[in-house]
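After this come two complexes, each holding chain A, first together with chain B and then together with chain C.
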Partner chain A sequence: MELEAVVHPKANLVMVRGRIDHGSSMTFSELLHPHLEKCKKGNPPLILNFSGVDYISSAGLRALMIATRFARNQGGRLGIAEFQPLVREVFGISRFDLVIPCFDTLEAALGELA
Partner chain B sequence: MLRRLWTLAFAPLRARRGRPAALLALAAGCLALVFIEHTPLTLLQNAQFDRMQRQSPRDRSEMPALVVAVDEKSLAALGQWPWPRQTLARLIEKIGAAEPLAIGLDMIFPEPDRLGAASLRKLYPQLQGARLEDPDERLSRALERTPSVLGMAATNGLPPGARTALKVTPVLSRGGDARDGAGRFAGALASLPLLEASARGQALLNAQADPALLDPERGVLRRVPLMASVADLPVASLGPEMLRVALEAPAVQAWVRGSEITRVGVGEYSLPTRDNGELILHFGPFQADRYLSAVDVLEDRVPAEHLRQRFVLLGFTGTGLQDRVVTPLGEKVPGVDIHAQVLESLLSGEALTRPHWIRGLEGLVLVLLGLGLIAAVPRIRPTVAVKLGLMTAVLLFGLGYAAFHLGRLLFDAASLVTLLNPVFFILIGNTLVESDRQRRLAEEALQASRESAARVAGELDAAHRIQMGLLPDPASLFAGEQRFQVAAHLEPAREVGGDYFDCFMLGEDHLCLAIGDVSGKGLPASLFMAVSKSVAGALLRQHPEDLGAALAEMDAALSRDNREYLFVTTFVAVLDVNDGRMDYVCAGHDAPWVVHGATVSRIPVAPVSGPPLCACEGYPYQRGSARLAPGDRLVLTTDGVSEATDGREWFGNERLAHLLEQHGQEGDAVSLAEALRREVRQFEAGAPPADDLTLLVLQWWGPGARPQDPPPLSGR
Partner chain C sequence: MQVQFWGTRGSLPVSLNAEQLRQRLLSVLEKAAHAPAGTLDTAVGRAGFVDSLPFAMRGTYGGQTPCVELRGKDDATLICDLGSGARGLGNAKLARFGPGQPQTYHIFISHLHWDHLMGLPFFGPLYIPGNRLVIHGCHAELEAAVRLQMSAPGFPVDFSLVQGQVEFRLLETGRAYDIAGFRVEAMRQTHGGDSYGYRFEQDGKCFVYATDSEHKLDQEEQWAACIEFFREADLIAFDAMYSLSEMVSVKADWGHSSNMIGVELALAAGARRLALFHHDPLNDDASLDRLLEDSRRFEAMSRSRRPPLEVISAHDGLTVQL
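Up next is the complex of A and B:
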């Protein structure tokens, strides 16, 4: 489970890698927090690149839900881009794509959020 | 109270793992080492050095010195001591005739012979005028003709007979004045000036035994002065003086540094000494073959070659004459033997030494090892510490033996080990106390955690029973139902979990089925599960006709007090059990399966499925519809099925679909649910379940009666 900030002129881009399951969701939340703090009104959007995420459990989804609420309360924009098929399926079935804006490509995310 | 006092009394020893106390003990040890002469440690020191001497005594195979002894045999033959001086004179002349290197007399003649001319004339006035041979003169002549050395006994103070005017050969001091360092005596008991004058040399006979602790009379003789200052004159002792006479040297030499004597000797023969000119003699064992009876010499029973070119000492061995000393080897030898051994040592250059630097070295070793122990012992395990302590002792003793054997140096290992002992024991004691305390604490903690685990397990066990009790038992609930059958399985991954299912009748003809999965698992999820299930149950019964509204109200109700941001995925279906029409809503839950004959399909929930409850406020959930055919089976699962894993891969939907194709037509709802559960558990192969596992299976037989017999009563 690791997060890596990538420099991008139009967004706070964060690469997420590993499994976000029951055991690692706390770590994910803690690592995400500093990026979330910057996700507020007037700042560029926070876009999580999920191409490195192999699996996400309901605990991971809950962490994302809390992050979404946090960002929304600050007036920031948060989205997820680039999924592995299985993870995209989880977002589809659980309809978390209704909770968090999900995009197949980074360009789509930038186009929508930035 | 007593215990408290005890603890208080030992608190200083226990502070900071005993290091300050150990440091104090080390400081005391250093002090003791500096003033070792005033401590009982000297006994230990001497015992240790004596032991080394016993283990390797000086080799006495060479026989440069002989003793002509006034022994029992001689006393028996020649009568009581003192013998007439003529007899002694004859004895000295006999020895002298054999051309010895020197003759040393371990005896003193301070008074005139009782049969001397003066005494006789006093006793027998008629002898006035007669020419009488004076025995003292006779002895004087004998002394004059031989390389003789007379003895003298230096005295503290001036007892009767002692004097300060003495004839001695001065000792030549080199590098300083030997008298400054040498033992000082006020005067000496010496022989008659007549005899003094005729002898070639006069030497000190003193050799003081170390006082024994309990019995000062039985001390051990370890050191012999090679010189002393008598009446402010430097005087050599018998050994070096005889050597001087034999070598016909002008003086015995003393090497001095500052006010300390370092060596004493004659010519190339010299020995290192203590500061006061004392030799630490390396003793050899007593050897009777160097003792000749005086009477045998007098009566020519000793061949002259035997005495030729040897040092000859004249001394007492008769038991009545009481001149015996105890050596470090534990032997009780005649006093004259000491002078013989000094001579042998001078000739072979063998002596034991304990120079100043060795005491400095001992101090350094004590401080370094002490500090080393203080640093190391509290950090290592007690067993290792004991080994370290033993190794330190072995190392020190090894050093002591090596110094003795290789350099005849006296390194005091025993005192160092003794002084390091308190340091070590304070430290190891603290380590043991500490490790004991740690062990006790660990045991207490373990006990506490066991108790707490047992308590929690007990509570979780109760929670499990309560949670299971919240779920309906379809078999008993729908006993006797002819139109459908429901079977369910719920197995939390832990004692309690976040999954739930529900099934109940809405009126006569509508069956409500619900399945839910709270995010996360374990105890936190289980609390929310209980709330979710009861809210769902209540609201579904309130709005049986509008599932979408019911779901939206559930969402609102659950979101109201959800500060932990848990969410629930759920699927709810209401089946008209008479015609198979089924309305449903879905909140982020996996689509249920329908088994229709040999075909397996999924309810197309996607168009109406909304986000999980509590994930997205105010979402307008939509209702979907489907229709079951008689004999169809509806299978609802949670992700405990699809995400079950054997450590390599997921159980997955494909495997589930395949299983439904295989088992979908066999048996009834109960056997299908059991088969699915078994397959999932077998797939996991004993690995701990990743998530709560829930299965809800409905078999609808249609409006008519059930084709088979009533369903068997079995568990959910």
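Up next is the complex of A and C:
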């Protein structure tokens, strides 16, 4: 599990890599937290680039749900972009794509959130 | 060991209404109109055509609330919960045995909510002298709850008037019981007022009944205990009432689980078969078909190097041989 901030003029862009499952969801939340704190009203949106995520379990989705709530409570905007097909499918199966903004491309996320 | 589902719906009974049935007939006729020439000319051809349709088009998951029959060697009958499905089960027993062959029924109650008890007053064998019903449960209020639902003004026949012999037995978690040739264990589950899952073993086969249970994703101990309870089960009847997003958001703390959690727990436990159970009354047959397909996809994605888990969706009338 690895998170890396990438400089971008319109967003706080974070590359996420690895599996987000029961064993790593806590680490994911801890690594995400500093980025979430900056996701507040008046700041650029936080966009998670998921192109490096090859699996997500229920625990990982729950971590994302909590992160989304945290951002919303601060007036921030959070979205996920650039899914691998299987991970995108899990978002559909879980219906999380109805509660967390999901985008096929970074450009689409920027167009909606930035 | 054989498991038969008599009621698989959660919360309250439902049924197809006239418009839903009409729409279904129209969709079947539409398919029939495009069937290859001659397919429908014979009875065998018509049966084959019907059998080729998706389950949601040729059948229905049904709408009775939870009741599951477990038959073991020596024809011993165990029953999990007495939802409205118990009526059909009772009628089948009366048709088979009649009043001349008294039977013993060992009944295991997951919890005392009405969708799990409402079938008892309509369970025919209850009224036949000589029949014996042994009602097992883990709630101290078990007997009081059963008596209460068969008393005025809620029901016209008072519990004191039943002619079968009814006994109540309280079980405890953390120990194993030998009941009618089965090894039985109970596990406390997260649900309003608590619920209990049951693990039944006989001759190397295992059935786990685990409904009305919320699996909190941040409760590591509970998660691990559940995996142990499910360990290498041949079949798990699992509360798959909500989507995962519902379960962790708007319906958090409502006491139910999701199909994805069921797949994850069953895979971790090395179980062989998972039956989605306690269907949401809001889900129609087509929705339940999609839920099953989604669950199978998620199993394939999550399995990794573990043995495959067969995922099925329970419907009223389904029989599974273990």
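As a working rule, the second predicted complex is superposed on the first by the 114 of 114 C-alpha atoms of A that agree within 3 Å, B and C clash if a C-alpha of one lies under 4 Å from a C-alpha of the other, contacts with A are read in each partner's own complex, and residues count from 1 in each chain.
Operating definition for what follows: a contact is a pair of C-beta atoms (placed from the backbone, for glycine too) under 8 Å apart; a residue touches a chain by one contact, two chains touch by 3 or more.
Predicted model, so just to flag it, every value in this text is computed and none were measured.
Student: Judging by the criteria at the top, classify the pair chain B and chain C on chain A as clash or fit.
Tutor: clash
Student: In the superposed arrangement, which partner chain does A:93 touch: chain B (first), chain C (second), both, or neither?
Tutor: Both partners, chain B and chain C.
Student: Identify the partner contact of A:59: answer first if only chain B is touched, second if only chain C is, both if each is, neither if none is.
Tutor: Once the two structures are laid over each other on A, A:59 reaches both partners.
Student: For A:15 in the superposed arrangement: first (chain B), second (chain C), both or neither?
Tutor: neither
Student: Where does A:31 make contact in the superposed view: on chain B (first), on chain C (second), on both, or on neither?
Tutor: Touch status of A:31: no partner.
Student: Out of 62-70, 98-106 or 134-142, where does chain C run into chain B after the fit?
Tutor: In the superposition, chain B collides with chain C along 62-70.
Student: For chain A, give the residues common to its interface with chain B and its interface with chain C.
Tutor: Overlap of chain B and chain C footprints on chain A: residues 22, 57-59, 61-62, 65, 92-96, 98-99.
Student: Which positions of chain A touch chain C when the two form their complex?
Tutor: Contacts found on chain A: 22, 55, 57-59, 61-62, 65, 86, 89-90, 92-96, 98-99.
Student: Looking at the complex, which residues from chain A come into contact with chain B?
Tutor: Chain A reaches chain B through residues 22, 57-59, 61-62, 65-66, 69, 92-96, 98-99.
Student: For chain C, which residues are in contact with chain A within the complex?
Tutor: Contact set of chain C toward chain A: 217-218, 223, 243-246, 248-249, 258, 260-261, 264, 294-295, 297-298, 301-302.
Student: Chain A touches which residues of chain B in the complex?
Tutor: Its residues touching chain A are 517-521, 565-567, 569, 587-591, 606, 609-612, 615-616, 619, 639, 643, 691.
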